[in-house]
Amino acid sequence: MNASFTAEELQFQEDARQFLEAEFPKDIRAKVEQRVRLEKDDYVRWQKILYKKGWAAPNWPEEHGGTGWTAVQKYIFAEQMARFGAPEPVAFGMKMVAPVIYTYGNEEQKKRFLPDILASNVWWCQGYSEPNSGSDLASLKTSAVREGDHYIVNGTKTWNTLGQYADWIFCLVRTDNSVKKQEGISFLLIDMKTPGIKVSPIYLIDGTPEVNEVYFENVKVPVENLIGEENKGWTYAKVLLTHERTNIAGVPRSKVRLEKLRMLAAQTADGNGGTLSDDPIFKNKIAEAEIQVLALEYAELRALAAVSVGKAPGPESSILKVVGTEVAQFIDELYMEMAAWQSLPFVPDQFVEGFSGEEIGENGEAATALNYFNNRKASIYGGSNEIQKNIICKAVLGL
Amino acid sequence: MNASFTAEELQFQEDARQFLEAEFPKDIRAKVEQRVRLEKDDYVRWQKILYKKGWAAPNWPEEHGGTGWTAVQKYIFAEQMARFGAPEPVAFGMKMVAPVIYTYGNEEQKKRFLPDILASNVWWCQGYSEPNSGSDLASLKTSAVREGDHYIVNGTKTWNTLGQYADWIFCLVRTDNSVKKQEGISFLLIDMKTPGIKVSPIYLIDGTPEVNEVYFENVKVPVENLIGEENKGWTYAKVLLTHERTNIAGVPRSKVRLEKLRMLAAQTADGNGGTLSDDPIFKNKIAEAEIQVLALEYAELRALAAVSVGKAPGPESSILKVVGTEVAQFIDELYMEMAAWQSLPFVPDQFVEGFSGEEIGENGEAATALNYFNNRKASIYGGSNEIQKNIICKAVLGL
Amino acid sequence: MLQDSVQKFVHRHYSFDDRNAIIDSGSGYSEQCWQLFAELGWLTVPFREDDGGFGGLATDMMVLMEEFGKAMVVEPFVPTAVLGGGLIAALGSAQHKEQHLVPLMEGKLQLGAALYEASGRYNLASVGTTAKRDGDHYVVSGSKILVLNGEAAQQLLVSVRTQGAERDEHGISVVLIDAASAGVHKKAYTTVDGHRAAQISFTDVRVPVANCLGAEGEALSALRRVVDRATLCVSAEAVGALDMLLQKTVEYSKTRKQFGTAIGTFQALQHRMADMFIECQLARSIVVMAAMKLDSDLTEQEKARAVSAAKSRVGRAIRKVGQEAVQLHGGIGITNELDVGHLFKRVTGIETLFGNSDFHTARFASL
Amino acid sequence: MLQDSVQKFVHRHYSFDDRNAIIDSGSGYSEQCWQLFAELGWLTVPFREDDGGFGGLATDMMVLMEEFGKAMVVEPFVPTAVLGGGLIAALGSAQHKEQHLVPLMEGKLQLGAALYEASGRYNLASVGTTAKRDGDHYVVSGSKILVLNGEAAQQLLVSVRTQGAERDEHGISVVLIDAASAGVHKKAYTTVDGHRAAQISFTDVRVPVANCLGAEGEALSALRRVVDRATLCVSAEAVGALDMLLQKTVEYSKTRKQFGTAIGTFQALQHRMADMFIECQLARSIVVMAAMKLDSDLTEQEKARAVSAAKSRVGRAIRKVGQEAVQLHGGIGITNELDVGHLFKRVTGIETLFGNSDFHTARFASL
C-alpha cells in the first residue's frame, strides 16, 4: 500500500488502459456516455471479450480462471474500467454464486458450472430475499422438500435483479422447519427453465422493471444441485456476504462521476451569466464529496492491505458499504441539483436504444432524478446500512 | 397568532423597550456586552427592579403576582429582554419551585414562600439529579425518613446550578423504598443553612464552577416543608417539567445573537482583504441558522396558540427543547468559527469583573470556545434531547 | 371549511388507484375533478374579492394545498389558478380579467406560465425570449422549459424581453399567447412526479400588443410576487405530503416484522422517526410563517424573504423525510406499487420547483 | 517501533493526573518529559538524515502524533520540532542548521513560530509585520497572534514582510529572532485545550540580516510546506484523540446504567456509536492518505491538496465525534473531572489550528 504506484504497477495501468481503449466496444461506450440503458447482449458481449483476454474474473482463484493479480492490480483495473464506463460483470454469477461453488461445491459442480460462468455462457440470478424477510434474511420461508432424488420447491423470492434474463437462479431454501431459523436453510441451484417457475416484474419508482418476483410452484430440483450439506446453506451464504467485498465501496465509479460532474458544472449556466463552477456552495459540495471519496479510497486500501497480509476481511468492510453507498447517493443528489428544472421530465424512452426524437435536457439531465430515485436502493440492499451498523456495534464495538 | 402585531401589542412593545432602556442598569448591560460574568448581586438587583415594576413573574397567576399578559405580550417582553441582554430571572425560584408551590402547596406555604420569591429576597436552587440518576431521574436515592415532626435527609444531589448562592433548595427525595420507583418520591423544601448540608463545586470544561454537588448528612427538615402529599412528589415534578415551557426554545436570544453575529462578521477580516460577510460559506451558514430560528419561532407560536385556546402544552414542546438547543449550539459554533485563532486563548480572568489588563481578542472572541464548551450542557440537561425524542415516539407517534 | 371540503373530495374521488388512472389518462388530469374544483369554489381561492374571488389569502391557499399534497392531487391548480391566473390578476387590465378570470374560476380555461429558460436556471430575470414590436403586434421568438400544464393550457402567459439584455431587470413583459397560434411548438411529457409539462418554443409568433399585461417592460416585480405565491403553494403541498410520508412510515413500522418483532420497536428507528416528526413540524411552522407574512402588510422584500426561508427549509425537510421514509420502508419503498414511492417522487419534484434550497437560502441571505 | 515507544512512555509518565499537574505547572510542559523525548530520539523524527534526523517522514510523524493524541501530550513537539525546526531545515543555511537543529534534537532548544496575524485569519501570506533594512540589521515591527510555545521559546521564527503589500505572495521572509531581544513583548496564556501560547508584539526589534532564513522575500512556499506538515501532525493527533473518545464512550456506555440497563444496550445510542466509529475510521484513512502523499514524489500542489483534504475531513470528524462523545456521557462529559471533556477540548482546539474545515475545503477546491 503506497500513495504512488511502482513502475510495474504503472505499466499494468497502461496495459489495462490500452486494452480498454482497443477492446471495449465503441457502441457500448457510446451507450454508457449517453446514459442509454444496457441490454443483456451488451453485458454478455463485453464480458466475453474480458474472458478472451483472461480478465473476466480478477477475484477468482487462479486454478479456476482468476487473474492472480495483487490487490493493487485489481484496484487499478477497477479504476480503469470505471474510467471507460465499462460495465462490471453482473455480480450474481461471477461474484456471488461462483465463490460459493468453488468454495463449497463438489468437483462435479465445479466442472459443470464454473466454466460457463467464466465464459458468460450462462446468466445467473439471485434468490435470497422474500416478501416477508427483508433485513431478517434467515426468516425465509421458501421450502424445499426432499422426494426421492429431487427437492420440491415452493415459495416466492423477491428483489430478483435482472431475473428476466436469467438461465439459472441460486436460492436459499428451507429444508428443516424444526430447528433454529438459521439451521434449516440449504443452498440450491435451480434451472430457470424448470416447470413451475414464474417471473413477474416489479416496477421501481424510476419506472424500470429492474427487479422481479420469482414464484416457485412445485418446482422439481435434482438433489445434485444442492451445494454442500443440507441445512448448512446459511453458513455458505454468510461467508459469501463477508467475502467478495472488493470494490464494494464503488470508489472508482464515484471518482469518475465526480470528475464528470465538475466538468459539467463548468458548462452549466448558473442563471447569472456564469456557470455552476462559480457557485461557491455547489463547488463546496463537490469538494466535500471528493474529500469523502478520498477518505473512503484509503479506508478501502487499508482494508485491502490488511487482507493482503493474511487477515480475514473484517467487519470494517461494513464501513465501505455504508459510506460507499452514502457518497454515491450524495453524488446522485448533486447531479439532480445541477440539472435543476431539467431533472423533472420523465422521458425514459430517450434512454432506450433506438430513440431518435428530440431530447429533453443535455448531458442526460433528464435522467438525474431517475438515477437518484433508483439508487435509493443502494442503502437498502446487500445488507441494509442499518444492518451494517448492527454488525459494527456487535463485531467491532462489542455492544 | 399573527405575523404582525396589533396596535396595542405595538404599544406594549414600545413600553417594554422604554422601560428596559430606562431601568435596566447600565453597568449590568455593559457587563453583558463585554461578556463579563454576572454575579449574584447583578441578578438580584435587576430582578428587584422588575419586581418594583410588577413584571417579575409574567407566567405566574395574577393572584400571586403574575402580570396577566397574553401569550403574545410575554413573547414581546422576552424578545425585548433579549434585545437588551437583560438576564432572565434565575429559573429555580421563579420558574421551577414557585409553580409547584402555588399549584400544590398549602396556603401556609404559599404565604411563606411566594412573596420572597417574587421579590427576589430568597435564592433557590434545584435538587433533582443525582450522580447515578441522570436521564432516569426517578431512580433517585436521596432518602428522607420521617422521625416525629421531621424528615432526616441523607444523600447527594448533583448538577446543582449556582447552588453556591442559594438560601433554599427544593429536592426530590425517596420516602418509600417498597413501591415502584416513581411512587415513593416526595417533594421537599430545605433551608440551605440547615446543619449537615455541604456544597462542593464541580468545575465544568469551560473552567467555571457553575454547578455543584450538594451532600446531605442527617439533615433535619420540618414536616411542614413537604409539598402536597408524601410519595406524590413525582407527579408534581412531572407536571412542572411539561408546564413552564414558555421561551424554552430561546428564540429571542438566538435571534439577537444571530443579528450580532452578522454585524460582527461584517467587521471580521477574512484574511483576503475582505470580511467574513463576503465569505459565501459562512454567509450561508448564518442564513441557515436564521431560517431555522424562524421555523422554531413559528413552531413556538403555534404551540402558544394551541395553549391559548385551552389545550394543554403537548409533547410538541419537546420539539422546542430539541431544536432550540440545537440551533443555540450551532450559533455557538459559528461564533467560534468566526473567532478563528482568537477562540483558543483561555483567559477567564478577562471576563470577570474588575479585569483591567490587556485583552486578548475583540468582541469577546476569547470567550467563544468557552461558550461552545459550556453550552454543550443544553442538549443534556432539562431532560436530555434523547429523552425528548423518546417522549415524541411514545406520546406523539405511538411507538 | 376548505380542509373538510378537500378531505371529502379525496375520500370520494381521489384514492391512490384513482390517481394512478388519472396520470395514465390522455390528458394527465381529470376533467371531472377539475369541474368539481370549480363547483366547490376552490378555483376562486387565489383571487381577491374585487376580482370575483374568494379572497386571495395565502393562508387559505396553504390549507388547500396541504390537503392536495396529502392526496398527491395532479390537477393543474398551481399553473392555471395561481401562476396563470395570478399573473392576470396582478398585471392585467379589467378587460383581461373579465375575459380570462371568469372562465378560469368556472373551470373552463386552462393556463400555463412559460417563465423559465434553459440558460436561466431559477432566475426569472433571465429572459432571452424576445418580443419585437411590429405595428400593433409583437413577434415573439424563443424557448421556454418546463411549462407546467403546458400541454392542456389554452392560453400561455409568457415572459418576454421587450427591451434590454438578458438578465436586465427592466424590459421584461408578460404577454398572453394563444396556445394555438402559428409558431408555437410544444414538446409535452409527464414529469417524474406524475404531473404534465411541456417544453415550448416560439418561432415568430405574432401576438397583439393588447395581449401585453400591464406596462410594457415592467413585469418583473409582479412576476416575482406571483411566483412567490406559487412557491408558497407547493411548499404547503410538500408539508401535506411529508406528513403523509411520516404517517405511512410510522404505520408501516408498527406492522412490518423483522427478527420476530415490529421494526417500530427498534429504538434506532424510533429516534429517526422522531427526527422526521421534528422536520415535519418545522416545515409546517415555516410555511405558516410565510403564509401569514404574505397576508400581512409587510414590505415586498420581507415577504420575499419569508417565502425563500420557507422554500429553503421545506427543501431540507423534503430531502430528509423523503429519504428516511423510503429507507425505513426498505425495498417496498422504492417500488411503484406503494404510495410512499410516489409521495417521495412528488416532494422531490417540489424541491426543484421555483428554485431549490440552495437557491432560496442564497436569495434569503441577499434580500 | 515508535508506537510502542510512546505507549511505554505514556504508561510510565503520562497518566491523566500527570498531565493535569503538568498543565498547572509554571512552564505548562514537563522539562523531564522533554528530555525523555530527546533521549528516545523523537525530536529527530521530523528531520531528514542529512540534517542529522531520523528521516523526516510524514508517516513516522503521524504514528508519533497519533499516540500523543491518545494521551493528550502537551509538550511543544509541534511548535519546536515541526514548525520551528521545520522552517530552519527547509530554509536555513548549513550554519543555521548546525546552530539550532543540533541543540533542538538534543532537547536543549525551544522554538516558536510567529506566523499569524489578527487580520490575516488563516492566510500565511497576510503578513503586516515589517522588517526594514537598516545596515546589516532588520528593524522588525508588528504583532503576531497565538504563537504556540511562545512563552518558553528561546528563539522565534517570525514571518515578516521585507517587500510588497500585505497579502502579496512575494516579499515574505522568515527571520530568527532571539526572544530576549529588546522590543519583543509577550503576552502568554494557556489555551483552552491546555497548551501554552502567546501573543507577541515586536517594536523596532533589531535583527541581524544573517538571521534571515533563505533568500529574502521568497519564504512563502517553504512556509506553506512546513505548516502543511504541522497540519498533518495535528490531524494525526486528532485521530488518536478521537479514537480515545470513541473508546471511552463505548466503555462508559457498557457500565453506565439508566432505566435499569446499561445505556450501551439502547439501539439508538448504539447506532450513534457506529457512526462515531465510521467517522474515526474515515479520519484515520484520510490522514494516512495525506501522510503517504507527503512522503511521495507527487507535486507540491497535490501534496497541499492532500493535507487540506485531511484537515477538512478530520475537522468534520472532530465536530461529530467530539460532540457525540460528550452527549453520550451526559453531564459528566462536560466536567473537568473526566478525561473525556479534555479530549473534547483538545480536538476542538485542533479543529481551529492552521485553518478549520471550511478553510481547508475551500483551499482543496481551489488548488
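For clarity, chains are labelled A, B, C and D in written order, and residue numbers in each chain start from 1.
Note that in this section a residue touches a chain if its C-beta (ideal position, glycine included) is under 8 Å from a C-beta of that chain, and two chains touch if they have at least 3 such contacts.
Only a predicted model underlies this, so the values are computations on that prediction, with no experimental measurement involved.
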Comparison of B-D and A-B (more C-beta pairs in contact): B-D
Look at interface A-C and say which pair in B-C, A-D or B-D is its repeat, using the rule that over half of the contact pairs are identical by residue number. B-D
Taking mean CA positions as centres, which chain lies farthest from chain D? C
Which integer distance in Å separates the CA centroid of chain A from that of chain B? 53
Return the distance between the CA-based centres of chain B and chain D, expressed in whole Å. 38
Can you compute the centre-to-centre distance for chain A and chain D, using the mean CA position of each chain? Integer Å is fine. 43
For chain D, jot down the residues that touch at least 2 other chains. 268, 270-271, 361-362
Which chain A residues touch at least two other chains? 280-281, 284, 386, 389
Flag every residue of chain A that touches chain C in the complex, lowest number first. 129, 132-136, 139, 158-159, 202-205, 207, 269-273, 281-282, 333, 336-337, 340-347, 358, 360, 369-370, 372-374, 376-377, 379-381, 384-386, 389
Please output the residues of chain B touching chain C within their complex, sorted ascending. 1-4, 283-284, 286-288, 290-292, 294-299, 301-302, 316, 319, 322-323, 386, 389-390, 392-393, 396-399
Listed in rising order, chain C residues that touch chain A in their complex are 116, 118-123, 126, 145-146, 167, 187, 189-193, 197, 199, 256-260, 268-269, 319, 323, 326-327, 330-331, 333-337, 341-342, 344-345, 348-349, 352-353, 356, 358, 361-362
Residue positions on chain D within touch of chain C in the complex are 266-268, 270-271
State the interface residues of chain C toward chain B in the complex, per the touch definition above. 250, 253-254, 264-265, 270-271, 273-275, 277-278, 281-286, 288-289, 292-293, 295-298, 306, 309, 312-313, 361-362, 364-365
